[in-house]
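One structure is given below, represented as structure tokens, and several questions about it will come after.
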Amino acid sequence: MATVKLLTDEEARQSPEAWEVFEDIRATRKSDFVNNFWRALANDPPQLRRVWGQLKQVMTAEGELPPLVREMTYVAVSTANGCSYCVHSHTAAARAKGMTPGQHAELLAVIGLASQTNALATAMQVPVDAAFLAE
Amino acid sequence: MATVKLLTDEEARQSPEAWEVFEDIRATRKSDFVNNFWRALANDPPQLRRVWGQLKQVMTAEGELPPLVREMTYVAVSTANGCSYCVHSHTAAARAKGMTPGQHAELLAVIGLASQTNALATAMQVPVDAAFLAE
Amino acid sequence: MATVKLLTDEEARQSPEAWEVFEDIRATRKSDFVNNFWRALANDPPQLRRVWGQLKQVMTAEGELPPLVREMTYVAVSTANGCSYCVHSHTAAARAKGMTPGQHAELLAVIGLASQTNALATAMQVPVDAAFLAE
Amino acid sequence: MATVKLLTDEEARQSPEAWEVFEDIRATRKSDFVNNFWRALANDPPQLRRVWGQLKQVMTAEGELPPLVREMTYVAVSTANGCSYCVHSHTAAARAKGMTPGQHAELLAVIGLASQTNALATAMQVPVDAAFLAE
Amino acid sequence: MATVKLLTDEEARQSPEAWEVFEDIRATRKSDFVNNFWRALANDPPQLRRVWGQLKQVMTAEGELPPLVREMTYVAVSTANGCSYCVHSHTAAARAKGMTPGQHAELLAVIGLASQTNALATAMQVPVDAAFLAE
Amino acid sequence: MATVKLLTDEEARQSPEAWEVFEDIRATRKSDFVNNFWRALANDPPQLRRVWGQLKQVMTAEGELPPLVREMTYVAVSTANGCSYCVHSHTAAARAKGMTPGQHAELLAVIGLASQTNALATAMQVPVDAAFLAE
């Protein structure tokens, strides 16, 4: 169904570089589950390593935004970009990080509202207020 | 520059419905500033009231997500939707609600990363893992 | 500002194919005005002819949808695609074809609402009802 | 398959607010069918009420645009936003409101053409003509 | 599943205009296979002819870009537009034109990276450098 | 105008990490010019390094796709994502890498056509042919 093969563990193991990433995914998440996105990316081990490296850094490194907030932001972007796989996987990830039904509902409300006002601002071609540009 | 007129206070006052919303915007935000988006929407007072009513509810009502998190989510959606006006206005709003440079930088990192993996998942047409569908 | 040159009449005249299209645009619209979109496309005369030919056919040929409805649909699509030039030019075209302020306001309301429910349906990954699939 | 539960009538009835909306949907549409979108939104009764209230107002209130034109505009926006659920449901709704195969074909032609010229205008970064900005 | 009927050969043959296009598709591709996109478009024979005519011209005419490069560009655009059908069909077409796994991997890398920097440039509202505007 | 400060060389030099990247950009491109995108990203030096590192790898490393093809793909994605800055900067980059007017015209034609058929396939919700799924 995918446009590339989804590599099994057996197949990923053929590339030491890919296998190392799979092992790091498992260690980082403390789970044996490696989801399809990584199995698809594993066809290009350097790309797999590059993307996973970024994701690990951006989503789990110490920082000022709680991991759950980062994950909910990910859901928002994935929705606006219309990526079905990403909406599913990051909603699941947000739940795993503690997102409550109430938080999910509020997230959906913001996403919906923003999409509406985005469209209205674009349709009316509203010029940016000077106040927003002033440094 | 806009495709509709941006109403001045004088003009908005012609419609009691529009004027009431302008006054509520000012009261809610404790500021005299009414930004262009509302001045554009004021051409259709019921639409102005409907959109403002939603925004006030979704963005400021008591809830489980802090107002700043909602505002940063708004920035994320506006970016993905490519709405220049909205990126400017909601980044300014997030700053007004206390977004630090560090939080902004992390927000940008998540938006950028999500956009990359969204594109990769779509390009590879990765099927949703059964684990994400299980109820 | 554009990524290609906007050809003046003088320059367009260098290509008989481009010039013929410019003349047809003027004749069809009963106006001397040739807007920038066509001046940009004129760098590639066969593409200019292909696109204008389609537009003339789709937007002005006898059909079941009134030209104004087609033009308002064009505004809706251009908004959702975030094309600033297109929102401006087709809103102007819709006005030239008689769009009233009331119709414009209703059009904006539908565009805004649809964008909201589109985002919500995507964020919730709502499965298509069997009733909508039944032939 | 959805990222939230689709509530059955039984479940929706637990919330008087949600149930009232379901009853209004049925009364307004003179049909017992409540499609999945509302069953998904029902997890957040105030959001359900807010979105349904808007949709009822925008899509069915007396106005200058015929309901069918509003529905076809909805299809256009849903297509440009890539919302599969919405394309299905609003195409069905447009048919229920009398859209003929000929009107559908013309709608598709406009959507396709607009998407092409949107992309071309963006790729060439065509500057907006002064004539379109003149008030 | 589609919102229009997918015409069988039998049905397409009812319209001489549609049938002629089907025959040209088969002759051009030296294959008996007519994929669903054309079977869907065949409901509107003039639109079928218009779109096929363009595609044949743009994708197969002599030119400066090798057909494979055009096809990979098509995959890139289809991905960014979130068109699942198109990603599948044009990835298959690119493979049929000789795209190697290595080229596919590089194509995916560019698509992913571009999506990331697109989002970052939009989120930061980076002004275009004077150097890029200079003619 | 941007939502973050565009750092001058003076300011970038405050961060050894940012400055190192600026120097690498200059060395890699054999030019003193550092465009605004990097000056904006420099507010977050680790992000600057991460994004530049990727871009250098993906766009300039030895590979199967000529650098110009990668750059034209970048233009295609940037267009579909509606990123004005990116369309300008990568069209300029493609020209710097030797893109001819004829190649540019063909690129635009493919982008426009793909956008049209993407929209049509989505509007008609064409199901993926079994032939495209077969491994």
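Per-chain residue numbering starts at 1, and chain names A, B, C, D, E and F are given in the order in which the chains are listed.
Operating definition for what follows: contacts are C-beta pairs under 8 Å (C-beta built on N, C-alpha and C of every residue); 3 or more make two chains touch, one makes a residue touch a chain.
Remember, it's a predicted structure, so these values are computed and weren't measured experimentally.
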Smallest number of contact steps required from chain B to reach chain F: 1
Touching chain C and also chain E, the following chains: A, B, D, F
Interface numbering overlap (same over half, different under half) for chain D and chain F: same
Pair in D-E, C-E or D-F that repeats B-F, with over half of contact pairs matching by residue number: D-E
Selected interface, A-E versus A-F, where C-beta contact pairs are more numerous: A-E
Centre distance in Å when chain C and chain D are each reduced to the mean of their C-alpha atoms: 21
For chain A paired with chain D, centre-to-centre distance based on mean C-alpha positions, whole Å: 27
Between chain A and chain C, centroid-to-centroid distance (C-alpha), Å: 34
Shared interface positions of chain C, touching two or more other chains: 1, 3-4, 51, 54, 77, 79-84, 87-88, 91, 107-109, 111-120, 122-125, 133
Footprint of chain B on chain E - complex, ascending: 75, 79-80, 82, 84, 87-88, 107-108, 111-120, 122-125
Residue ranges of chain E in contact with chain A within the complex: 82, 87-88, 91, 101, 104-105, 108-109, 112, 119
Partner chain E, residues of chain C touching it in the complex: 1, 5, 46, 50, 54, 57, 133, 135
Parts of chain C lying in touch with chain D, wherever the complex brings them together: 1-4, 6, 33, 35-37, 40-41, 51, 54-55, 58-59, 63-65, 69-70, 72-74, 76-86, 88-92, 100, 102-103, 106-107, 109-111, 113-129, 131-133
Contact footprint of chain C on chain B as seen in their complex: 3-4, 43-44, 47, 51, 77, 81-83
